[in-house]
């Protein structure tokens, strides 16, 4: 059962609902978005219906839901959401380009990549300081040092930063440096991490597990939402199939399917799905016209020297083509480029 | 080993090469395209190199190739090919829209669907008379009666016809009615059928096996080419993955990957991959901007009454949006719409 | 709707049922097994129920079935079936070992492999004369010459022969030489071939498509049964997954699942699923204790010289271990080894 | 590069090697097993070879390895390992049966399940207190209360306990109650958790990610080994494929493949792979004869009332058949049942 509070509901109104539910032996999970509060209830639905919740102050709508995800479902929330990252919107009216290096290696490399990102029209910077790697002998990232480099480059360029967090223990620390936290494909069902981020007050990008169904992905988002954080952007990054010609298979159909099921924004990562540089621009285009709310790509000033995923990074020669494709196809989709609209403390 | 003959090579030149190869115990497969002849050799490569084939009249280039497909490879044939179907081009300069009913049911339904196809800008008609169905209790198509309906509708509308053939035994019969033969996903490795079509002189659309790698798909095309037919168009139609939210997963990356490996045109079928009507237009767009040389879609005047795959057929209300998307994105790709340029006896 | 005729029903009784069904606008498919006749009806079930079919002479049971396969379903036929191949049983009371070379290469190699097969306890010989190969440049088999070799080796050893047929056109010719026809994994949905074999009066081994669900596999068997041939043995041979350490992934669970759904015997092919010699014996064991009615393995006198799949063939040193495993585990399963019980003209 | 220390090597010997490697700018990871110490080196191999490590006291063998997993590889350690859990061996000489409830619900249910486990010959108890569930609205386990129940039941029955840990933060707490920690399929690439368990001194059962290759699985084990814990048992529990007739597809081939590549013991979980009760015994048998070092199954006194995975739990009527199958097939494999040989403080 889900309760959508009215726009002007007071904190006391929310508390009163929670008290009544818990007094009846149920559990209530409060999720606060920018413009609304949603309360998810777990327990005996028959009992809840006897509590007259819809008559309480501040309560908008009370609904029984049948899907296994409630707070992120479009059923209760037909308007698609916009998530703002330090003023940069990600959502239905815009196409947001996010670019940067796969891994932060040095201040120089990171700044150079950020300048490349801006040159191609990007308004957000990506970069990994904590890298979950299949092999324990591969480069695992610079850790907190990498986060400091990212924060410095944000100072320099004005680009908000998204970066991965790999452990519940690190969430607060990473959130001090970054504007948006990324949950990587291997951690999509790391429920302890999902819950820790659910309790943080920071936007999150949830990558699809490379082997997860769309339903499992939305349930993972629900774990975050249930703890109170609705500032979630989904990211399709390719799934594992029998095909070996590409690293993973970009499931471009997931974009319209997710938008039918959920109000959350969804973007596409063409770099990690294809795994090769010459696929990035075709797949970026495909993502945009399938309806994606943004694109996240790897760029690197010197891919042949990259410590991580060099073969898939775009280089300077690619930037004009990327910028042109994003601009033309954003117009084709009757959307705007995503510009930073205001500064937030975030 | 592959021999590319010069443009002006005589039939006798080709025969002479074949004789010399066979005289040395090898096998020679001659493939005739519109503008060139290619001869593939099987046997002892060292021996072939001692035969001085490159000095023979009409011989252009002699090359050792390492891939398992030779005649369809782009290595020997860097320019991407154009296949003409009764004057309608499918290839790098154009985007060809093919539309029609999944199955031919009645003359009226087929004509109505063809008119819908034309209204959306299609210049070729699709329609199934022989339907390979998973269940023996499902509608299997009208057979030759369906072919006659298709030929009548071609008379009426001028649209060249592509239709599926499911058995080597039927190839000649189907080729009498159709302008292009389709090999369906379940028959991609029906080698007897591939070889029979290789011996026919008619363009062919080879759908990717829903569980086949790109390499296996190109080797299936090689079976056709090896028997002499290079008028092959590949069609990506979705692969089988663990995801159940869509019927299959459209592998849009396959378009640029195939174009890197092979000179053959490649088109996309968004109807059968997604399996639902609301995915057809987003996936059509995605296919075009990924570089597809065409799109093939199901349309039906009354999908709720369709005998086959009704839920995925576009209806009249969708046509304007389809036509607009194809037109705008064809321009974005700096291509032309594929108009019928001349009449051929096919 | 399915009609099971009584054991002593006359041909005239069957004809009468067919006439009544067709007279009412329905279709009737007659399948003749060794001990029973089953008639599958397609059309308007309500109408059929008004025809009083159950009161007609020779009619045993009339049932509405809900699955998409009827004749092969266990619902109508709770006792699991036994298929006899020239007197060798394959079914619930026995474990049948079938062995031989992947491809027939020479009379000497085939006879040597057959002797190896016998030494390990095999009572049937496998061997390929028509080889469907992914690459058109790979060895495609000896064709009819290979069939003649197999027939000669059967003379010599007394082992009934199972061999693959790849085209509807070849069914009669192959059936003249072989005791059992094999439909390979790539042809599981070659419906023209299924129907042609359905009309032949010869036992068939239907391999699972490497990408086919169990339900699709049973529907493919239904295509054969529908045309009148119920002498079908299913063969699990591994499915395609993301794992690359083995050629395919043996789906050993398919054995009990199939036996729950269908009355047809099911055997396991550990050679083609694993693709490597050292996996053959562990997977053979696994198949038997999961309940398989038999095992089919590749053996070769000189695998390093094999023209096809040498790396997976068992060699002489493996035979004792294979024989011992099959014998001990057949006893563990409270079954008998499958000995030839009588000679049939087959 | 990997250094295997001699059995009698002193701690000082190990420290000296580490100092020399780190002094040269390399990294050294020390793994302590019961009977040996292995040191994995990361850095410049050429440099390491100049350090004369093989001449240092206590050093047994120094080897360059090419695989991406070193410490768990069989290359350096040809004898397969035995892991002891409070005196119960898991390894090549025995077949260990582990049984218990999917989730700990009440003291009574847990004790009843443990008694069932013992009746079927089990010498270890499984039971979940922390349950990672796809849906946030599903039962998530009793947490520490569940651990206390497990510890009480161990008191009562003498069965060592294996239970799942889902967060790096909980490792020490869970290790206080349990004899073996389980890493579940969704956490196989939760590298923070792997590393935390690597630093604990407690045996671990690492389930295969349902979408992970065998190579990725061994690299996950390497993460644990690299931090010093070699008491690792691998558990195959089914992989995700296109087949929907079973919950997952048990990859029984993984057992011999893993044993060829790694010295670690490997067991099979037939309950979670098949997802249905009637598959558990056939798949248990298949696992044992494929060479598994043990089997882990769900049992429940009242499956219809279970809070988690009831449909796959064995009930009392199944126990005799399970016990018989395990006993007979353990003998067939020339192994012993795994009895507790000594008491350890663990």
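A, B, C and D label the chains in the order they appear, each numbered from 1.
To be clear about the criterion, contacts are C-beta pairs under 8 Å (C-beta built on N, C-alpha and C of every residue); 3 or more make two chains touch, one makes a residue touch a chain.
Being a predicted model, the structure only gives us computed values, none of them experimental.
Contact with subunit A and subunit B alike is made by C, D.
Comparing mean CA positions across the assembly, the chain most remote from subunit D is B. At the subunit B-subunit C interface, residue numbers used by both copies make up over half of all numbers present, so the two copies contact each other through mostly the same positions. Remark: subunit B and subunit C have CA centroids separated by 34 Å (rounded to whole angstrom).
One simple way to say how far apart two chains are is to compare their mean CA positions; for subunit A and subunit C this gives 51 Å.
Looking at subunit C, residues 211, 240-242, 244 sit in touch with two or more other chains.
If each chain is drawn as a node and touching chains are joined, the picture has every node linked to every other.
Only residues 211, 240-242, 244 of subunit C touch subunit A when the two sit together in their complex.
Within the complex formed with subunit C, the subunit D residues making contact are 211, 213-215, 239, 241-246, 249-257, 260, 273-274, 278-279, 282-283, 285-291, 325, 328-329, 332. Taken in their complex, subunit A has these residues touching subunit D: 42, 68-70, 132-137, 166-169, 186-187, 189-192, 209-211, 216, 219, 222-223, 226, 240.
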